[in-house]
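Letters A, B, C, D, E and F mark the chains as written, and numbering starts fresh at 1 in each.
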């Protein structure tokens, strides 16, 4: 009695995910496309492609900003490729700060797991949305807008952030301006910052030109 | 007088579909992507990529559910790759039934070509949408919702279904639960079904564990 | 024992479709949006919003083209609003023809239910894709491309067409050119048609100017 | 010196979010659309639209499944409307289980904050993806596929889940089958479940018919 | 002979754009949605909704940045609502500069119509893409990335820019940081700028706090 | 002091665009996909991929239509691949005309840079939208609709057009009908044009059949 029912759906049940495409696990050895990495062969996909353990360990916050960001984007967490979602872990030591930055390709929602965080974003009409978040609070940061997070308490803070893209991008303002070879004159002309200020930050962040 | 006008548009008319991309016929030998198979070279595309004859023949309904589903998804009907549409044929002998299932990746519209069909779907708020369809009626089944079709008359029924995706997926409830190695204990815990019921259906459908 | 489980999911099961939005049935009395009509209140939605019987009756083909097109787009078939799919019925008497046209907003798949149909489309690089279709054959017409259907046999033909949009649009070439007030001079300049030809067709189709 | 620069961008800086639309905070009093609720007037938007505190409190797990799901979808968390992202909190007491379910409208990523969770999903080709997750692990569940979570340890478990949609939907299998008026005969025909089993679960879950 | 053909397509030709939706001209008096303004009634739409003359006049560059940006987004140019495209005019006097900014919602392509422009953008991995553009050159700026334009010659420069969205947004870095009430301490913490620098620019741009 | 901050973001700043994907520059040697060409390796991308100089030179209008169209689509202007935007240059000598055509894959906005242009489009309900445009005017042409441009003055006209797609396609009506092997009988049947008219235009445009 088993065989007949199998015959019915043989066309379907014999087809692999290649025919049905429930998902497209990233094959990092193949070409990239405008909508994500090409897919691993369905037969090679396992549950481990959908699981990532790298967010279970705190990042090293012994650094100048006393903070660490650990991403789980599609290049590390292959199962989310094409699914329009990804995550990252945010560790903020006392005094820690995630500097002003944007995600060009996705919106973000942050949840505070421990500690308290002062977070904010600025809209295109230059309005500031600023909030002190306590454990359990979530906050949304719309796509592409400048935003930041600061440890607002006397203890380390931990947060997890989710993105509406598996590769949301991350443009940290100071790195974009001062950690490359963008000529100082251009920076000054387009940001109105003083020459001394620009050169000081280039010195800290390793910029040239 | 012919040459000049050709010269004008030479940039365009000389460019193949690679430049203009009216369509992207599936190349099943190349990699898959989150939005469909990679494209056949335009020069290799013929009208037959856009035509499929497999739905012209009734499926074999001599089986336990007295029904047959014949899909024309992008892996068989290469021309719809990337177009966001595909079809399938549904044959229901007397007493035939397409069991409870979902299409994770697309909405469906069904048209009854002969016979009568009792069809229904259930929404996220557990409301039942149930209707007896006669020849010529069409019914929509929104993406991802559980639904089913039953021959409601004394004669064979034939329907064609269209999907809002070229690879809508198909998850048949009983196959998902009972035709693989999902441990019985987990099935029982997550569905509240009795152990005897689970084991009986695993026996019919070939499940293990 | 019933109450506790209801309490658990009370937040969810008490929420209507407004919270979950499985679908968005068109409310034709409200405003339209770039992605479809606004939604009917969930409480007002019934199964009949998802069922349409208008394709069960043949269109009247006693006309100059011996053909009839009966659409089931979102304005008539409210349940497909926002689902990215819709259908139409195509009746072709002997000698009937659906003239050269495009669907600006969606791709099409046609299935021949009775009779035989000669169908074709033309790509951006001016290549012709032409096929004689028999009962059960399906053919895809990529979005926005000029295409047509002609009864290729000695009996009436019936086909159903599906679209990858709930409002795919329909621009019939002759109506666009000759059934409005587009000045003849402009038509002639932009199509290279002779003045006599333009005026003849304007006469047939009711155009002015 | 301040005025001139303001004049330059007066067109832009004077325009509110209505012109630029960085976001579309849900106005629950207005009509719904296929892509989300209509937007609150920009002038009425505050930072509190982007913050939600409801996930900071554990749900009540004193119930039959020893679990609670607390959603933060767009109807509660207005700021995510149109952003393609939302969250929920998942509390699992010892022995707790989130029954087999799907999200018709979005993919999910789960992060275990405390305890351990056995989670799994089943693909369209009936393959089981099953994993025991410990604190800090994340797992992805592709859109529309059946999945579940079970407390796998001896202590309460806490997880946060993110979705690739602000209203992903939630179809719990047992509620869809047994907590409404779907006739028992239809359930039995489309799921192969025994009559006694169906009636038993209808009894528990309040179903009729 | 005219009437019959009209009868054939009466269903279609009698339907207005509400049924077919070729476009959705913005109705600024109605509610906004995540995908654009609600649509004007088709009967109220005229060709003037699709035409905008505001870019024909140079902006006033007698200001501190010697530049002017004149947008034609959907709130001014109602016809592009929902079409995924819009434009703006860019006037740069000698020494003029469009300061560092992003468009959160769209990519940009710029064409130099007169003069020469030094333009650049910075990617998420802090790489600088910098180019001196002459008349006729076009340059693309991917969505959400910091970019700028500087008059690179001894004569006024004129450029037109197109966006992949009808409301791409515009976040000017200095305005976002210094022209609102974002507390100086937060700015300094999240940008590493010196207090004196922050206060100086707040003085110029009218910021408080 | 430089090293620590680098360590913090080492995961991110060390990752190339492959992890973040701000853009996907077309690799014309690799396969094509439904959403665009596969991406060049990030390390191979330079600013020149985002710059195109081909629109700086007027097209040759010494031809039968006294017009020239020069496209900058993704196959020539690799940087716009996946960005949803592209451009073209339009030169119209005195008496020049861009014949009736459609772009199956994108909407268009045209800006008149010199001269004056009579432009128009026709909607699905056969309404004509016609306008005489002067220098600086912009006009939108919604996706897939028939439209045209005619030099309306006594001097050459120059316009730039932008598209909401990097490969919008271009179907010129006369080329689609008369510059290929579409049988004359089919043309006549589906367009109602006279045999003499069809054969005359086939003669001019090189059609056969």
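Observations on the structure shown:
Operating definition for what follows: contacts are C-beta pairs under 8 Å (C-beta built on N, C-alpha and C of every residue); 3 or more make two chains touch, one makes a residue touch a chain.
These figures come from a predicted structure and were not determined experimentally.
Within the contact network of the assembly, the step distance from chain A to chain F comes to 1. Comparing chain pairs E-F and A-B by the number of C-beta pairs in contact, the larger count belongs to E-F. Superposing the C-alpha atoms of chain A onto chain C requires a rotation of 180 degrees, rounded to the nearest 5. Although chain C and chain D share one sequence, what matters here is the overlap of their interface residues, and that overlap falls short of half of the numbers used. Checking A-E, C-D or A-F against B-D, more than half of the residue-numbered contact pairs recur only at A-E. With respect to chain B, maximal separation of chain centres occurs for E (centres as means of Cα atoms). Using mean Cα coordinates as chain centres, the one most removed from chain C is A.
Separation between the centroids of chain D and chain E, computed from CA atoms only, is 35 Å.
If you average the Cα atoms of chain B and of chain E, the two centres end up 41 Å apart. Chain C has its Cα centroid 21 Å from the Cα centroid of chain B. For chain C, the set of residues that touch two or more other chains comprises 13, 15, 20, 22, 31, 33, 35, 38, 104-105, 120, 123-124, 126, 130, 142-145, 169-170, 172, 175, 179, 204. Contact between chains, per the stated criterion, is found for A-B, A-D, A-E, A-F, B-C, B-D, B-F, C-D, C-E, C-F, D-E, E-F. Contact residues on chain A toward chain E in their complex (touch as defined above): 97-100, 102-105, 118, 120, 122-124, 126-128, 130, 142-146, 148, 150, 169-177, 179-182, 186, 189-194, 197, 200-201, 204. Against chain D, in their complex, chain E makes its touches with residues 28, 31-35, 38, 59-65, 67-71, 73-76, 104-105, 167-170, 172, 175, 179, 204-206.
The touching residues of chain B, counted against chain C in their complex, run 13, 15-17, 20, 22-23, 42, 46-48, 50-53, 55-57, 72, 77, 79-80, 83-87, 106-109, 111, 113, 120-121, 123-126, 129-131, 133-145, 160, 162-164. Chain C makes touch with chain D in their complex at residues 1-2, 4-9, 11-13, 15, 18-22, 24, 27, 30-31, 33, 35-36, 38-39, 81-82.
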